[in-house]
Structures are given as structure tokens and as C-alpha cells.
Amino acid sequence: MTTAPEVALSDCRDAWVDALIELGREDERIVAVVNDSVGSSKLNKFQDAFPDRVVNVGIAEQDMVGVGAGLANGGKVPFVSAAACFLTARAMEQIKVDAAYSQHHMVLVGQSPGMAYGELGPTHHSIEDLAWLRAIPGLTVIVPADPTETAQAVRWAAQHDGPVFIRVSRMGVPDVSPDGYEFQPGKAVTLRDGSDVTLIATGTVVSRALDAADALAEIGIDARVLNMPTIAPIDSEAIESAARETGGIVTVEEALTAGLGGAVSEVVVQRHPVPMRLVGVTDFAPTGTVQWLLDHFGVSRDGIAAAAREIVASRRTAAEW
Amino acid sequence: MTTAPEVALSDCRDAWVDALIELGREDERIVAVVNDSVGSSKLNKFQDAFPDRVVNVGIAEQDMVGVGAGLANGGKVPFVSAAACFLTARAMEQIKVDAAYSQHHMVLVGQSPGMAYGELGPTHHSIEDLAWLRAIPGLTVIVPADPTETAQAVRWAAQHDGPVFIRVSRMGVPDVSPDGYEFQPGKAVTLRDGSDVTLIATGTVVSRALDAADALAEIGIDARVLNMPTIAPIDSEAIESAARETGGIVTVEEALTAGLGGAVSEVVVQRHPVPMRLVGVTDFAPTGTVQWLLDHFGVSRDGIAAAAREIVASRRTAAEW
Amino acid sequence: MTVEEDLVPQVHVEDVPNDAFGVIGRVPEGATDEEAVAHLRRAARQVRARDIQMVSAAGLGHIGGEYSVIDILVTLYLNSLNMGPELLGDPDRDRFILSKGHAAAALYTTLAAAGFINPDDLGTFMQPKSMLNGHPARTKISAVEASTGPLGHGLPIAVGTALAGKLDDSSRRTFVVTGDGELQEGSNWEALMTAGNHRLANLCVVIDRNRLQQGARVEDTNDLEPLADKLRAFGMEVVEVDGHDHGALRKVFANVPAASGKPTAVIARTQKGHPISFMSDNVAWHHKVPSEEQVKAALNELENS
Amino acid sequence: MTVEEDLVPQVHVEDVPNDAFGVIGRVPEGATDEEAVAHLRRAARQVRARDIQMVSAAGLGHIGGEYSVIDILVTLYLNSLNMGPELLGDPDRDRFILSKGHAAAALYTTLAAAGFINPDDLGTFMQPKSMLNGHPARTKISAVEASTGPLGHGLPIAVGTALAGKLDDSSRRTFVVTGDGELQEGSNWEALMTAGNHRLANLCVVIDRNRLQQGARVEDTNDLEPLADKLRAFGMEVVEVDGHDHGALRKVFANVPAASGKPTAVIARTQKGHPISFMSDNVAWHHKVPSEEQVKAALNELENS
């Protein structure tokens, strides 16, 4: 085992709050709405800059999202920010009706999603959010992979006249965006070209997919890596091309596999059926840190690489028939 | 056009309440918990029989599910019954934590699901529930197709030591269960054998899949029809066999296609990739009756048959290459 | 078969009386109290007449809760709200949100009476692709500020728009109508707490206190009493009023914002199905659909009311 | 990196004091008031000592809200609850639900003191696959009646189990502890309304009134006052008590069910971080993790308390 070079890891909440402060300076309509989550959303700096523009409704998520919709009706551009688990599970009908069905211009910011809360346990994990929210018509669902993408997604959502959900990670992630990257809603980003198999990853674990591609290269498998920052609407074209051109797909997410995995599967079977493996969370987690849990569920360099190898092997066997 | 023979249609709520009354007689622990939904759940007869065993918390779905969990802790077997849209969207975190994560023995009964509320509009439609609930670990999700299956599912859930969600339809449905049918959790039912393509349907629209198979037979396509009453855990074996043996699958549901369609897609890509079409709801509905809306979204004899023909045609084209 | 069959009679749409109905407009400037009340009474009568025809023709609706709230809606739209079709683009316009969205037909009819929607369009109520579906949708009708239907959504939204008005020093007032059964939803108490603590004097919560909910009396389901005490403990300025008295309602609405600086909660004593003899205070009429005969009888009673 | 880094000091687990800790057991039968209180005080001191060591070693926990609730937990488990390891299978046992599940470490330590879990297992707190994860899970520990963590769940569940007891004419009483910030959740008001209307005298809601929530004082976030008025208007028998006074708590809990036939709501005045000088009433200590030095200083203060 060679020691990996030290990679700087960032908490995407820093990029989120810095972007929000910039937006706040440019646009008076920007407000934050929180559920006693100023600190956990890292909004203290925003609150210092704009003390009147933080609406803290206390521990009341239904009210929080409803108030957000009302602020939008009242001419504001609300960023409703809370731990992803509570925001989505507790205010699901408000997200469906007040945000999505009503097509209000409001941004829902799911903080510390996936298993970021680690040892705090499944009640605090937000592993269902991607599957849940992609099943709400009219809601754009974005999962940024690093600080660059986080800032750009926040900026894009601020001017998009419709409801958006953004997952903001606290787990340290390395930069994965190419130089000069510009986030485009609904568009996948090719991080690495390849022809044997495609790894489609989203959010915090894009870097793990890149690591897996390195591991696969070592054994002669040439993996394409796509970052899929938008889960809904999903980039069907990029998925179809990946299926056609590489003949197999592994999805990778810090969420139940009905999230990104489900979304990609639905495109693949309808456009160009190829073998897939869905790497992600498969159950309520045991106690453990987020890193331990990701490894536990196989959302790891080795787990992803093994899934890709299975696909390639099954294809080879099939070809030998 | 020949006139279809008159078919008797049933409101599955009658089977639900009759089964519950029988269970109530056998087992003192059975109680119903409702949100001002005695009438809409057709529970009046149960309430007449057991006036003390209906807990009506009023219009308060979070409390309703929490109280249900508490009743389970207190030794009761609660059937928590409310319109599916409110039960699932409004009490999502209670379903996740109090029912599923806690593995309480309780039954969640989603009444009038899908687009049964027709013209009352998307706020009252429960098209997301299957996608949402199948993404909750540890929760069994059942969608009965007719009165027989409804009664058997209710009976099974009453003795299953864990949380179960059952969708109970009010839209009139014909009988589709074979004589002597016995519901088995997690098991698909072959309603019609066939070798060219498989239609996998669930709930209210199983009969539409059967109609479509008739239509396909007329043009020489031999369609297998599976009723898939359990969405989670899904019957991976039946799906894999269908894929292997018929080479193509159409899913059919009165729900967003991320429900049954997503669940089947995820199995297909991982076990045996074949072309699929996902027939179901794809957006918030315009105003209209449930029948009009089902046709609008192509969840109709013609829409399903067309989807199956597309698959068969694409395969023939591929074969001709 | 989308509602209990026994609640839906066989109706021949063409036989349902279909009164001509036109824009009625606001109480004229400078009207005396008496003139204003007469205007509102007349309007309410016409709105009720059109409403029952719509519901009967559609075979769907919530006539009981529509008749209990119509006097409130008419007083707001034709008298009290600083809001009219010409003000829809004005950020400072007053806002109105019908949280008990199941009374949509009453709202649509009132909006037509106030000139927001074409009275002819009322005939499309519940028809395929109509903008008038069973619950009001903001994406379909520009005068609808919030999509409602699931109970317990309107009040938090109203708190948000009131809060935005306060942040902007706007003259905007926000009125929201909830059902009484609806107050069993915890989301409302979250919102009331927020409104009270933010001292949103520009907010007025009107509770349609008809004492019935869908399946039974409120007190037999999960009682709200002592309601005024609850509201006061959550920071509201509480006013009680006869919810069918246009003159009294006008005064109450004119007092918003309250001198105390608190949000106003109006407990409007109403009756479901008011004033129809066979519907009033009768839980069966929550969403029962009137037959042709019942429509005629109701229209007859309305004419003589 | 699962909590704010500035809240988590570098801790060398092996240097955190790790006191021996054993089952303490209930107040002996026939103990005088003084003896009982002495027993509970001693137990609470030991529970606090073990708790802070666990949190520091794990690098995670909610020490502020744990220290505010420990006297309540200890009084319940070692004195007031009709519940012990031997009663776990008894349907009529009293139920206890910690709705503010973030104080899990305090619950685990108390459960160990009461003999429900092996004191040695406390060392696994937050470790991979431990049954002691950050919030109590009923599937992992048989003494845990309800899985909690998301606020606003415990009280509706408590209402359900109390209701079941009432239906069965059981002697069971149900106690539930909520935070004060937690009462901003509407689900609690739904449950209180249900409890009040069903006159669940066998239910006791204890509010850990430490006046702080996660990020700020409750009154600066969304104030609860007048809290007693709110609770009374929702049908509760309201009792106020010093939540760190074991003697007073014993009496309050002994009065359940209340003579009035109403559910009891206990407003337990507490302090977050009590009684540690540098933690008390300090919002920073909601989920800050103590350093080795702070653990030692706290243990020292506890010894002299």
C-alpha cells in the first residue's frame, strides 16, 4: 500500500455561506430561514452581515418551509436551511405543495445530508432524501460534489424562478471540479473519459469514484467517471451515451440506491439496457462514523471498483459464450 | 369496437373494513387510528362494532402516527388509516422513525391513493407514496389489486410483527385474483403466462394490464401479466425470470413511475438487463376525473399495449440488424 | 366514484338551475354603513346561489364549509382587502389566503364577483383541464396567493408573507382563513407561535368557527376549547364576531393592524351550510352534493333570505 | 468531522478519566425522605461523572442538555417509575420516553445505574456497531420504549401508550421528557390537545425548562411564554418545580395521576450544564465536547457538589 498524498478536504458549508453572503450583498431579497440551525448551517457569518435577514422559526420544520413559501410570495428569495433529514422528512408535504406544486421561487438547503451525522444514528441520517425528492414533480434536486460546485449551485438557484433543493455536505471532500468549471443544471460532467465501464457518482462520493477509477486503471479497466450533480431532472443523454459507449454503469451515492441509482436505472432500461451495479446505502446504518459507514456499505474505492469489475467480468463471460 | 361485457367493480374499502371487523372480533388488540377520516376510511361499521377501539386524533397526521406507535408499545395492534396523500406526506418522519426504524408492529393504511381524488387535484393525489415508502428500510409496502387481495393483505399485516403500509383503493376495480388465491408477501402472482413481453402491474391498474394483454394477443403478441402486490421487498426472482424468459418488461401503476417502475428497473439492470417501458404518472395532474387522468397519462389499455409494442418492435429491429 | 356514493345524487347537469352571474364589484366608495352591508348581503346571496349550482353540476364540492365562509370572503374581497384585479402586480397589495382550500368553489365564485376571474369560467369547475380544480392552485389563477387543500398550510405561508411585509415596511396586510377542525394541525400552532413572537400586527387569522369538521363535531373529535385562551397564550389579539354579520366583519377587518401590535385572531362564529334550513349545522353537508331538488329549495330559501 | 470542529477538542481517549461505575439501584424500600434524596443525589453525581467521561471519549454528545435532565432521569428510574429490569415484560409497567433523544448518554448512564444495561457497555458509546448510538433506539436496547432523536416524536408516542393503558384499565403511567425548545414543534401541540381531551391522567409530560436550545436562548428564538397558560389552555394540570431538586421531583411524580383527572405537565426549571460552573446556562455547551482538562475540572466540581 502506497500512502496517498495529502489532499485538502473542504466543508462545503463554507462555500455555501460565502456564496450566500455575496448574493445577499447583490440582492436585498435574499433571506435565510432556519429551524434553530444557524450554527449547524454555518450561517453565523451571514447573520452577522444581515441580522434582519435570518428568520429563525425555532424547531418547527413545517412552519419553516411554509414561512419560506410565504416570504417568496412576499417578494423575498428565501434559502430554507436545515439538517437534510428534518427538512425533508418533517416538511415533506410543504415541500410537495408549498414549494413544488406551487412553483415558488425558493431554495431548500439540506445540510449535513447522507450519513454525515455518523454516530448520531439513522434518525439523523438523510439517506432517503434523493429517492424522496426526485419523486416530486417540478423540483430541481442538486447534489454538489465540492465547494466550487456548491457555490455555483447556490448562485444558480438564487436566480432560477422555481423551487430547488440543494444538498450541502459537511463531510470533508476534496476538489473534483475541473478548472474553469461552470455548473449547468441537469448536466453531467465528465471527470475522466473511459470506454470499459462508467462510474456515475454524485456529491461527497464523487472523489471515491475517481479513486476507484484509479484502482481499475491499475488492473487494465478503463473507467469513465461522470459527476451527476443534478438528480432531477436527470441527464438522460449522458446516461444513454455512457450505456452505449461503455456498456455498463455503476452508480455511486451517499444515499439509498433508489436515489441516483434508481434515476439512472430508469433511464438505462428505457433507452439502452446494459448491466449496472448500484453502490450506495442499503439499510438503516449501525453505529459508526460516516467514513466507517461508507466503507461498511461498500461506498469505497474498493467497493466501487469491485462492482465495476463484476460488470466487466460478466460481460467477458457473456462474450466467451 | 365491441362493447365490453359488464364487469362488477368493487370499492376495496369495503373489503378492508370487513376484514378489520373480523380481525377485531378475533383479537382485542386491534384498534383503528384516524385523522377525522372515519367516513373516508369507511370505518363507520368498525366504529359501530367497537366504539372504544377507534382513536380519532382529529386533523393531525403526525400525532396520528406517533399515537399509533405508542398504542403498539402499549400492546395494541393499531391500523392507522388516513388518506394516503396526508398519511405519507404529512407524517413522513413518523413513518420513518416511529414505524420503520422502530420496527413497531403497526399497519399504515393509505386510503384513496393514486389519483382516486381526481378533480380534487394534485394536493389530494398520492402519486409519490410508492417511490417514497419503498425508500424507507424495513417497511413492507403492499398495493392490493382487488377486494380479495385487500382482505388478505390486511389479515397478513395484522399478524406480521413489523410495520406495514397498505394502499386501499376507493376507485372501482374488478376482481383479478385467481380462484383460491392466497396473498404471499413479497411474491408476484402470474395472472397470465406469455413469452413475448411481461406486463408487471400493481393495484388498481392490474386490470388495465390484463386488458392490454388482450389487446396485444389480438395482434399476435403473447404478453405475460404479473400482479406485483408487494412493492417492498420486491420479488426480484419473478422480475429476473420475466426478463430472461420474455426479454422485455412494461411496468404499470397508478403512481409516479419511480414507484413500481423504479423498483423493477433497479432489479432488471442488476440481474438481467432488458428493454423496459415505465407506464404511470409523470407529473402533477391537470384537473380531471381519475379515469380521465389515467387515460391522460397513458395508464390505459391502449397506452400499456403501445408501450409493449414498442419493446417488441425495438427487439425485432435489433434482431434484423 | 371519487366520493362516497351515498353523498352524490344522480344529477342531470342540464337541469341544475344555472343563474346568470356577473361581476358584482366592491362596495362603492363613500357608501354608508347600511349601503355597504346591503351590497355585501346581496353579493353573498348571489355567490351562494352560484356556488351551489356549481357544486351540484360538478357532483363534487364542500358546500357546508363554503356556505359558512362566504360572508367572510365576500366582506374581504368586496370591502376590506386592499386588493383588486388592478393591484395584482403591486407588491404592497393585501394578501388573502384560503387555508381551508376545500371551500374552493366559494373562493372562485367570490373571485368572479370581485372581477378577478371571468364569471363564465365558473362553468368549467372540476372539468378536465379547468383552472378551477377542487382546491385553489396559485399556478392556475393569478389571484390565488397560495395553493391550499391539505389543511394547516395557509397559516405558515401567511406568516411568511406578513413577515416579508414587515421586513420591507410595507403597508401590506395578510388575511388568512382557517377552518376550526383545521386548528388540530400542529403546523398552525408553530405558525401562531412565530406570528406572536414576531408581533406580526399586519396579520389577521380568521377562524371559521362552524364547530363541525369532516366527520363529526369538533368537540367530539379533538376539542379546541378554550380556543380564545389558547390563541391568547400564543400571543394573539383575540376578537370574536358573528361570521355571518357583514357589518361586524367589516369593523373587525378595519381594525387590522391591531393597536396592541399583536396579530389579530378572529373567531368567526358561523354555521356550516348557513343559511339553508336543511344544511345548517349539519355535519352530513360537509361534502354532500345537493340534488336538483335540493338546489331549487336552497335557491328558494336564499331568495327569501 | 461530524460536528463543528471548534466544538471538538483534541482528546486522547486514554487520558480521559474513566471512573469505575456500577449498578446503583433504586432507593431502598422504606427509606426516609432524607435517605431517598441522599441516594438520588449520590446517584446523579455518579451518572454525571460517567456521562462526561463518555462524551469526552466519544468526541460527541450533548452534555448541556444531559446535565439539565439527569436529576429528572435519576429520580424517575431510581425512585418513581414502576419499572425495573425484572418488569420489562410486564404490560402494566410504567413507561418512560426520552423525547429529547439527544441526551442519550444521560439515559444510557441512568439505565446502567438502574441495572438495565451492563455498566461495562457504556464504554462502547458511539463506537462502531455499538447499541449505544447517539440517540436511543428501541431495537437496540430493550429498556428503550421509543426510538427518539428527531424532536417532537416522544410526546405523541407517550399519548398512544397512555391511551392504550386507559383502554385496558391498566395501572400503567407514562412519563415523557421533552426539551423546552422542542415544544416549538407542532406535533407536540397536536399530542397535548389529544391528551387533554382524552383526559389522560396517567400521562405526565416533564418539560426540561432550561431556557436554552441549540443555537440560542429559547426566548430569543421562538419564545414559549406564557408556557403555563399555553399548557393549561391545552388541558394540562400544570406543576412547576425545581428540576434539580430530587425531593421536589419525587413528590411531583408521586402525584401522577393527578386528582383533577387531567394529564400532568411538569415545568421543571433546570439549567443546561448544571451544576458545572463553566457550563451552566451557557448555550455553547449544547453539544460542545469537553477537553481532558474540562473533564477533570468538572469531575472536581462534582466531587465537591
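Read from first to last, the chains carry the letters A, B, C and D; within each, the first residue is number 1.
Simple rule for what comes next: a residue touches a chain if its C-beta (ideal position, glycine included) is under 8 Å from a C-beta of that chain, and two chains touch if they have at least 3 such contacts.
Everything numeric in this text was worked out from a predicted model, so none of it was measured.
Peer 1: So which chain is farthest from chain C, going by the mean of the CA atoms in each chain?
Peer 2: When every chain centre is compared against chain C, the largest gap points to D.
Peer 1: Could you put a whole-Å number on the gap between the CA centroids of chain A and chain D?
Peer 2: Centre separation, chain A to chain D: 36 Å.
Peer 1: Chain A to chain B: how many Å between their CA centres?
Peer 2: 30
Peer 1: Any idea how many Å lie between the Cα centroids of chain B and chain D?
Peer 2: 41
Peer 1: Two-or-more-chain contact residues of chain D, please, as numbers and ranges.
Peer 2: Expected reply: 137, 147-150, 152, 184-187, 190, 193-194, 222.
Peer 1: For chain B, write out the residues touching at least two other chains, lowest number first.
Peer 2: If we look for residues of chain B contacting two or more partner chains, we find 57-58, 60, 62-63, 85-86, 89-90, 93, 97, 101, 122-123.
Peer 1: Chain adjacency by touch: line, ring, star, complete or other shape?
Peer 2: complete
Peer 1: Mind pulling up the chain B residues that touch chain C in the complex?
Peer 2: Of all residues in chain B, those touching chain C are 9, 11, 36-40, 56-60, 62-63, 85-86, 89-90, 116-124, 170-172, 286-290, 292.
Peer 1: What does chain B use to touch chain A in their complex?
Peer 2: 85-86, 88-90, 92-93, 96-97, 100-101, 122-123, 128, 131-132, 134-138, 249, 256-259, 261-263, 265-266, 268-270, 273-278, 282-284
Peer 1: Taking the complex as given, what residues does chain D use to touch chain B?
Peer 2: It is residues 91, 95, 137-139, 145-150, 152-153, 155-165, 167-168, 170, 172, 186-187, 190-191, 193-194 of chain D that touch chain B.
Peer 1: Where on chain D is chain C touching in the complex?
Peer 2: 184-190, 193-194, 197, 222-224, 226, 229-230, 232-234
Peer 1: Give the list of chain C residues in touch with chain B in this complex.
Peer 2: My answer: residues 1-2, 4, 58, 60, 101, 126-135, 137, 147-152, 181-182, 184-186, 213-216, 218, 221-222.
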